[in-house]
Amino acid sequence: MTVLLELKSVSRQFGGLNAVNDVSFQVSQGEILGLIGPNGAGKTTLINLITGVHPATSGRILFDGQDITKMRAHQIARKGLARTFQVVQPFPKMTVLENVATGALFAGGATGLKDAFAQARQHLEFTGLGDSVDKLASTLTLAKRKRLELAKGLAMRPRLLMLDEVNAGLNSMEIDDALRMIRTIAERGVTIIIIEHLMKVMLSTAQRIVALHYGQMIADGVPDAVLRNPRVIEAYLGSKYAAAHSGSSA
Amino acid sequence: MKRDWVILVCGAAAIGALGWSGDNYFIRLLTILCMYATLAQSWNFIGGFAGYPSFATAAFFGLGAYTSGVLQNQGLPILMCWGLAGLCAAVFAVLIGGAILHLRGHYFAIATLIIAEMLREIVNTTPNLTGGGMGLNLPILRISVDVQSRVFLLAMLVLAVVTTAAAILLQRSRLGFGLRCIQQNESAASILGVNAYQYKTAAFGMSAVFVGMAGAIYASWVNYIEPPDVFDILIAVKPLVMVLLGGIGTIFGPIIGAMVLLALEELVWRNFLTVHAAALGVIIILLVLFLPNGLFSLLKDLSAKRAKQ
Amino acid sequence: MIYFQILANGLMLGALYACIAVGFSLVWGVLNVINILHGTFIVLGSYIAFFAFRFAGIHPFVSVFIAGFVLFLMGYAIQSAMINRVIAAPVLITLTLTFGIDLVLNNAMLVAFSADYRKINLPSPLPSFEVASIFLPGDRVAAMGLALLLTILLYFLLRATNVGRAIIAVRMDREAAALMGVDVKRVNAITFGIGALMAGATGALISVIYPISPLNSSAFLGKAFVVCVLGGLGSVPGALVGGLMLGVLESFGGFWFGPEHAVTLSFGLLLILLFARPGGLLGKRGYE
Amino acid sequence: MSREWTSKLLTRFAIAGAILGSAVVAGQAQETIRVGAPLPMTGPLAPEGAKQKKGYDLWAETANAKGGIKANGKTYKVEIVYFDYASNTPRAVQGAERMITEDKVNFLFAPFGSGASKAASSVSERYGIPTIAATASSAEVYDQGYKFLFGTLTPNETVTEPIANIVTSKNKDVKKVAILARNDLFPLAVAQQMEKSLKAKGMEIVAFERYAIGTMDHSAAVTQMRAARPDWVYATGYVNDLILIRKQMNELGLRPKVITMVAGPAYREFAEATGPLGENISSVAWWHPAVRYKGKDVFGTTEAFNKAWDAKYKGEADYAEASAAAAGAILQLGIEKADSIDPKKVRDALASLDVETFYGKVKFGPSGQITSLEPPVFQLRGGKTVVVWPEAVKQGELEFFK
């Protein structure tokens, strides 16, 4: 299998804090990779580094063999890396359709506004938002907003899609829907990195899991093996105890 | 979109016809209206579409006025000077935009304020080129008063129409779409592939080019320019008030705002000799406190209420 | 030798600039409001001192307290009645609102006091004293001392009192402060009031130095802007450092390049600084 | 507190509005001559605007009290139409055009200062409306070849030559001069003219500093001038600049033998504001209440004018106020001489005027600028102005600082 994304000793400091510390792993074409870790482990920061929201302090990030470490966010987006946000970020004053069309227009290769809207409609049908196209994004329910995020990501025609807690706050029926959708996307050949707290989701969806703790990679392997890894268990339990006493760092 | 074009053509024709038949003072008012509309529309590119609170309008206006004034005194033909003034303002905006468009909110606002102050001081301290604090006289056009006033109205009208046309085109373009994304959430826009930096710079440049030309036409029109006048902070604030009046980020909002502001100004200047500044202040206060979304929102609210009943 | 005089001039000017800016910085930092009214507040303080001196013979340095008190009430009222209604709106809106209020207030002063320049002539002004051929004007030095004292008082007010802690809490996180039971609207009004108080007190102080007229307000406002950006928002030490820096810079700039370029120089520096360090020289980290 | 304050303010607005409204209504009933006066009533030039307004008002009142202006077999009341251009020159131009086309004024008073007068004169010239400028002294205003513009202030060199003469002839020790000028039309022009006059006398200019408009601190300039050890400091600017410069000169130990300031000291508020520091400052004005002329105008003698002024405003007029009143009186003379209110005829009458007024001899040169005045030199003493030149109206000798 060909390697699509490769991280080589990637680090990022904020002030004196090592948010991400010397992380290296690879993601193969067509893979679904899970990214786990307790709160504050650096998962979202890592996604931010890959998508160019923050520059890495050191290390290199390769996408399809090309060094994207120093590229800016919009350039990376156009290369075919899409993401959703943990805290959903729709454009509140635009309609659902327009929200999705932005992705198609600026990174999805749409030839013009008309084309972008046509593409956006398809993605909205796929994500089950076909009945909400003309609503303002700010009026949607949380579950629908999460799906809107997904549709926006898809509209970018990504080769790699990073899903940051798309299931948080959803009920179990909504989660099942979402997972079905994710699998369908993967079957179309899109590589996926998924961040999730719910182990059930991870076990049923991810083919491989990378675990982070305090910015460091502590495990990389098939789901069963990673979840039995003592360092991973300690990280979760330990952090729970820590949370009970002093509150976790964010 | 089609409707926008129809309104634009009809509006322009109406102003043109009114101007042709009116007396000189009325023509002067219409000329100011077109100038205001140009300024407000231009501000809307950066302030409304992109959401960057710019006070650089005064800088661009003064720069255009002085560019054209200085060049005209060198003997260049007037139309060429107007064009060069627009170009100069746009190039200046793109260069300065490169330096300050990474600033957000307050800091951007201040930086734009300072740019106008800087330019004003530069003009003040280069009397050999610009006349400094003494002001600058432009060559007088040797044509009759009546023709002159109509020529300048026509020039401003054409400029206002072109600016509005640019706004209509922008709204339905890739650039306009990207700017709206930036206005609502810049980092999310970047993630979606919008080159925020480039787009903002383009919007800043667009907000300068027509203002620069307006300044140039204005300079030729009043025949005499001086720094405190063409770099006046009010030139930067009024477009903002107009856009607030008419509704932010819309096509005809700025023009409605320009009409309303001009009408209020005329009314207030005529009737409150020594307290017109206060009257303008009261208008601004009422506007901000009670109609933050512009006059249109009032109409919308009313019609919504009626619909409910 | 002349350089010491230039430096002394700059420091004295800078202390005044710091005082002019500190209230503006507080309001900006805590409320996120660019208070265009600030210059007018200062002038109002000067007028209070002027009339107190003319009709009651009160020394302007005593009027500092009167002016501060009156302006506090005024600021409190303006914030509660108007600005609080739109405090959550974008910067542009609150800025436009204060601009509108400023037009009204300034025009009112113009009608009430006329634009004539007035000056307080103390019957026994403090003399200039000369140290090693450096001239130090007495009343400027005294005003500078009082200005520093006020600034230090403000600093301790913010650090050591409940009100101060509430202000800092609001500055750091409005929502969290509200959740912790802070009456945010009231704290807003108090903060704006304190900003106005500092402006009024400064106005009374500088009434012994500058001619008084409503027309001066924009000049004061401009200086406050520059100082804030130089020193960083919402910080008393920042305002102090920014003010002194600006004073020294203008003094030396005027000496080397001619007084007509002093302002251009300070603006140029400001632009460079905005480009390089938008957070100001001291950065912004809570109001301390 | 806030509400009470607001209501007070609103009441004030309402009253102001009512007064203005009624004034406009009252004026329209009779046969009137309307004179347009765009003035800076707000903004940085507001103090100057207020002075001009006082002068115009006194003239209109006096003319009407004496039965109005007779011309063409009719008697006309005078009405002045004001327009606040907020110290914004193009607003003044716009106001001038509005007054001519909308308010149908017969004549115009130019706005304040050389720059605005020059700008506004292009409008009145186009419409052929006689315009009198009461506060424009720079020759550039009048050298445009305009036919309808007249000015009541003599050119700048007439205010620099006399004082240069007096100082150099009285005190041979005065050799080094430092000049500090506001970087602005009139102040800079006068300073440059002074430099010429002084160089012609063989004086040494040891410093020529300019300060920006709106400068809040002059310590750098003063320190630099002090280093040059001048015998004479010549500063130009407006009242607020000059007050601050004087104060900082004192604070920083700059103590020359002569201090001359233009054009602030002629104004009462300068003497009030500087207090003891104003003592012995010399200056020049285009007119002074101590001059004595037997005018053929509506005011009559200078004494009569002073009396009328004192009755209405208390105290003495300064040159700007008197010049504004004179502009009205001169316009009236022109109308009466033409015996018509036809703009062209009045223009010709003004151009050929050669008459004595309370303000001085009035005769306009070919450019329209008055050429017949002798601007007096004076010095502040005990808060009062004392004329030291010309000989005919001299009240004392020029004193030097020790």
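A, B, C and D are the chain letters, set down in written order, and residue numbers restart from 1 in every chain.
Operating definition for what follows: a contact is a pair of C-beta atoms (placed from the backbone, for glycine too) under 8 Å apart; a residue touches a chain by one contact, two chains touch by 3 or more.
This one's a predicted model, so the numbers in the text were calculated from it and none came from an experiment.
Touching chain B and chain D at once are the following chains: C. Contact count check for A-B and C-D (C-beta pairs in contact): higher for C-D.
Ranking all chains by how far their C-alpha centres lie from the centre of chain A, first place goes to D. With centres set at the average Cα position, the gap from chain A to chain B is 43 Å. The mean-CA centres of chain C and chain D are about 35 angstrom from one another, to the nearest whole unit. Rounded to whole angstrom units, the spacing between the C-alpha centres of chain A and chain D is 74.
Taking each chain's centre as the average of its CA atoms, chain B and chain C sit 32 Å apart. The set of chain B residues touching two or more other chains comprises 121, 124-125, 274-275, 277-278. Counting partners per residue, chain C has 104, 107-108, 110-111, 260-261, 263-264 as the residues that reach two or more other chains. Listed by chain label, the pairs that touch are A-B, B-C, B-D, C-D.
For chain D in complex with chain C, the residues that touch the partner chain are 1-2, 5, 9, 12, 16, 42-44, 46-47, 50, 183, 209-212, 214-221, 223-224, 227, 239-240, 243-244, 247-248, 250-253, 269, 272-276.
Taken in their complex, chain C has these residues touching chain D: 2, 5-6, 9, 12-13, 73-74, 77-78, 80-81, 104, 107-108, 110-111, 114-119, 121, 128, 130, 135, 137, 140, 209-211, 213, 215-216, 219, 223, 250-255, 258-264.
On the chain D side of its complex with chain B, the touching residues are 9, 12-13, 16-17, 20-21, 41-42, 44, 82-84, 86-90, 93-94, 97-98, 101-102, 115, 118-119, 122, 126-127, 182-185, 188-189, 212-213. Chain B contributes residues 172-174, 177-178, 180-181, 184-185, 187-197 to its touches with chain A in the complex. Only residues 47, 53, 99-100, 102-103, 105-107, 109-111, 113-115, 117-118, 121-122, 124-125, 233, 237, 240-241, 244, 274-275, 277-278, 280-285, 287-289, 292 of chain B touch chain C when the two sit together in their complex.
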